[in-house]
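Just dropping this structure here.
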């Protein structure tokens, strides 16, 4: 009996396999984050700066800014989200395919920032789930790069395999 | 059953089926795509008949240019699917045509078995690979060179005429499309 | 040049207008009915060919003529501005003649004034909201409208269905601003007026 | 469930609510919605277009996607508190906005700033102009399909950012001016760095010009496209390089000099045809003229005080004085709590910003808070011509036209 | 090829011709009518090539070459005419092309 | 008949076909990386250099070098598509929507069947070209098949049932028609020249074209105008930047593939680069002497397998530098407008290629006549 347990325990073995698979899938995902630049206001300029030569986001393989939401993995909400724009942000978020992540870049996108007024949505997290918040008004490109690395870490710890299986099951149903 | 026979039935069903689907499909874009299928089938049949040059030409001219032009025009005019059904008279006459064609097939097979249409037998004659055509007696050959030779000797005049036809067509198209540009503003 | 002669000449031609004292540029006041007349004259005869700005000022609910339209014109010849003040008569549904026909540039400025103050510019070709969304029920720059905003539903139903988001008053708690500027010093100190807002909200998924 | 329905929405058709746009007008026209999130629109502009084939028949811009209520906010805070908000108007040249705002309020308060302060302001204005035009050029190239010039100009901008950072403490949103002065004096050795930058910049611009200015494709794309006649430009209230490219000699730095601009020797580049190419050329020339001004300033930088020392009720004194002197401490406290005390009255002040004339119309009823502030945004006026300009062009021209108008939605929507 | 004789090819050619003919008569969309015409020509081409191959005579193949040339010209002209007609009548359906109605 | 020999030949052919496909696909994948690296280098950036496989990165020198040149980036990008949700928007025509990427990729891969990439030298000194199928009319085959690639784009544009892709599809079809003519016409003088009376070559085979340039002038030197026209048409056919009408990122978002995500988009992406790889290879074969060394110089490599390898390597080097040229142009030039593309095709390239053809017809005739009358 004892030897039997040592030889095979479906639960443990299964989890080991899952974590291995997770590691593989997450490695792939985190090294290929294609951003969807949701450049709304001032932060968009710093977003451009992070793609330009001094900061060069391409080192992380993230310079492939796809303007079509269907092809992007991570929406960088850079700038003030007004109520008029919120709807559009959500729609574009919905057009992205899973898995998708959102980075709220800057104070306005995170909390509404200094724009406490009738027209400004107080944080994009009212309308889409945010993975990483970046402080700053606007954040320096270094801060954005750091946020993207944080996002990579976050992706690296996701239970991606079980999610994939789950998605498959639900789509089967 | 030979491999080539199988291929023949496959490609001929491709050609005929594509054509049939083209004729019955409602939306012009799928129709064009079925047409392409049919043309590719015909081109493959040419390959079976060892007319390689014609097969390539078929794809180059029909699939590569003519059908792209069709698709371009369909998309440019943004033609939607046909609304409503064809009138009874049309369908009747269409069937009459189809029956006539059926008759043609029967007669054709009948007479060809009788007279042979100048075909020596039902089997395929061997092609002499090294035959180089000469004079006006052009024998079938897979070589492009012979094809060209035929074009530039026996069929020199038709070739010139075809060239002029293309030129005329080009001029015609230019005039047809030019008129509207002048008219528009 | 804009000097005494110029002003006298202008006043003679347009007796309904008069000069207000301002320290930066010539300021005329003009009744709403004559505004097209005056601006046409200024554009054609006096080379004020650039409409730099058209806006409105809400003088407060208590004032008799609450909304005042302010027009700034610039002349590339005189190198100077001219300002025209003109009151809208009706406080409830203010109206003003559109000068879009004189200055095409007024188109968007008038739409903005309509958007922000609710002044209807009669004769405007396309008078609809320009900055806020079309269904927005309020006029934000009126004095009674709070900076934080007023609860209204978000314009997109399908988005609201998923996210339960709506247009809510912005939190003024801990805000860096809001200072009355008048009265006792303790009132004038910058402070948050509205501290009702809390963080206890459901985040969308 | 509703998530599925979202996916039915076409890419680019996001935010499509207008019945007019949704229905096809007739079989030849196609309604196309560009934006508000589209690579062409540089932000959140939305264009509702009707196309006939590739030809634009009608183009209606829809703004307001970045309307943040700046004017309402201004009514609720003291003059100095509003300075950071001016950064975010035209966020490509925050310093120039700061200066324009400060001068407007100073004119209202009747404060005269000393010569050194004016010189600092002119300096930062021109640097802001360079930085804005650099981005304008780069993005214009990008709109025409050339990506590399954008990267080149951004490299130069980064150098400017470094300089800004040293001066103001922030690389982007500077909030540098105060009413009655600037936040601090220029640091030691800064001018040398600026002059070094001024030496390097022409080479970089030349490099960009090599890629674009004489490029046949670029010329084909821009020459004769988006032509604005001078009368149209005036009628629609265009200002800045867009107006000058149409051949109107209008530059507030020359016509109504402020902040001591009359002291400097520079040219105002004027275009002849008013097409996209001219607007591009005018921007490049303006960068060169700005360099001229900066060089003149560096050669002869005025000494003296860098804030209006006599304006006790307007300008909070420097930190070291506050910490040591009771009177200054009280002065500082008053200005922070009540704001700079300004007389009742009205002011309209326009400054020549990179994008055009940025105007502030301030109505004061006394005290430290404006009663009404209207911001006359150049981009707002520059964009209004689009409705007239776009029809008759091809869809691909729209990108170039928008790029050449060089607008910023931040100040357009405010 | 053992089973398949030239007659198979001829029959296929006739079939294609017939389908094309059916399309020309039945379809109202002129674009499809043009396509059906092409199909008819293709039927002829198949027959010609099979004759050529079975009779070991190049003439048939050469003739196919000319048919293709003519077909290309025909399509170009036909489509140009169609576009011209479309601009005038906003339709590609044959019944809308009648001048005498109305 | 299906006998053993046939199966053997078939098996070998299939094996080689798979080999070719994987080589071309790898090339396509890595030319994406090359594009990113080269563009980064041109713009004073670094490019992808952080992605590394967990254990490989720890190998001294090699690991960090591979990391530095971003060798693993295409791996992550390519595999990511597999694990991404397959979005099929509700408004598309499902069948055609799924079909389009395949239709785009298949022609690109089919053309390599007639693409020679070297010569294999037997012991007896005889040489066999390394090619899947040595068609007599190889170049025509390539022209015919590559013209089918447009259907992928047109289908994608149409089936997406959305406006930007639709415009992209229209533009693409018009562009294809216009440039194919010029492309074909620019090749005619080549064959006139190569098959002129007196020369031993009389076919449209790519192998013979390449061999005809051994120890004689490259055809790019003999017929520079043809080479130029062909190159321009090649850019247009592969939808590369001055001509990337179907995509034109700034006005059509992504053009025909706007509505495509994940794996289907990946196929489009690879198909585009596969087109470039094969286009460069064809240009190398026809105009740059294929696997032969330099113009007027005999191949210096020996007639054995070493020579085969060297020749193939030389061919690859030429192809890669041509791919680099493609990338170089992409990051240097602005984009044409749609009508300008049409104009260039119809009013400049087409008459030019016609004139070029007529010139060479006269030249070849004259040479012929002068050779006949000594």
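Labels A, B, C, D, E and F are assigned to the chains in the order they are written; within every chain, residues are numbered from 1.
In this section, a contact is a pair of C-beta atoms (placed from the backbone, for glycine too) under 8 Å apart; a residue touches a chain by one contact, two chains touch by 3 or more.
Keep in mind the model is a prediction, meaning the values are calculated, not measured.
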| item | value |
| --- | --- |
| Path length in the contact graph (subunit D to subunit F, fewest steps) | 1 |
| Selected interface, B-F versus B-E, where C-beta contact pairs are more numerous | B-E |
| Gap in Å, rounded to a whole number, between the CA centres of subunit E and subunit A | 55 |
| CA centroid of subunit A to CA centroid of subunit D, Å | 32 |
| Whole-Å gap between the CA centroids of subunit A and subunit C | 41 |
| Distance between the centres, which are taken as Cα means, of subunit D and subunit C, whole angstrom | 22 |
| Subunit A, residues touching no fewer than two other chains | 52-53, 67-68, 70, 84, 87, 90-91, 95, 114-120 |
| Subunit F: positions in contact with at least two other chains | 43-45, 87, 89, 249, 253-254, 258-259 |
| Junction residues of subunit E, two or more chains touched | none |
| Subunit B residues within the subunit E interface of the complex | 1-2, 4-5, 8-9, 12, 15-16, 19-20, 22-23, 28, 31-32, 35, 38-39, 42, 45-46, 48-51, 53-54, 57-58, 61-62, 65-66, 69-70, 73-74, 76-77, 79, 82, 86, 90-91, 93-95, 97-98, 100-102, 104-105, 108-109, 112-113, 117-120, 122-125, 127, 133, 138-141, 146-147, 150-151, 154-155, 158-159, 162, 165-166, 168-170, 172-173, 176-177, 179-180 |
| Sites on subunit C touched by subunit A in the complex | 131-133, 138, 140, 145-150, 154-156, 159, 162-163, 165, 167-172, 175-177, 201, 203-205 |
| Partner subunit D, residues of subunit C touching it in the complex | 22-25, 27, 49-53, 55, 57-58, 70, 72, 74, 76, 79-81, 83, 103-105, 107-108, 112, 116, 129-133, 140-141, 145, 147, 155-156, 158, 161-162, 176-182, 185, 188-190 |
| Residues on subunit D engaged by subunit A in the complex (per definition of touch) | 3, 6-7, 9, 11, 14-15, 36-39, 43-44, 64-69, 72-73, 84-85, 87-88, 91-92, 135, 150-151, 154-155, 157-158, 161, 171-173, 409-410 |
| Contact set on subunit D toward subunit F in their complex | 4-5, 7-8, 10-13, 30, 32-33, 38-40, 54, 141-148, 151-152, 155, 211-212, 215, 217-218, 220-221, 394-399 |
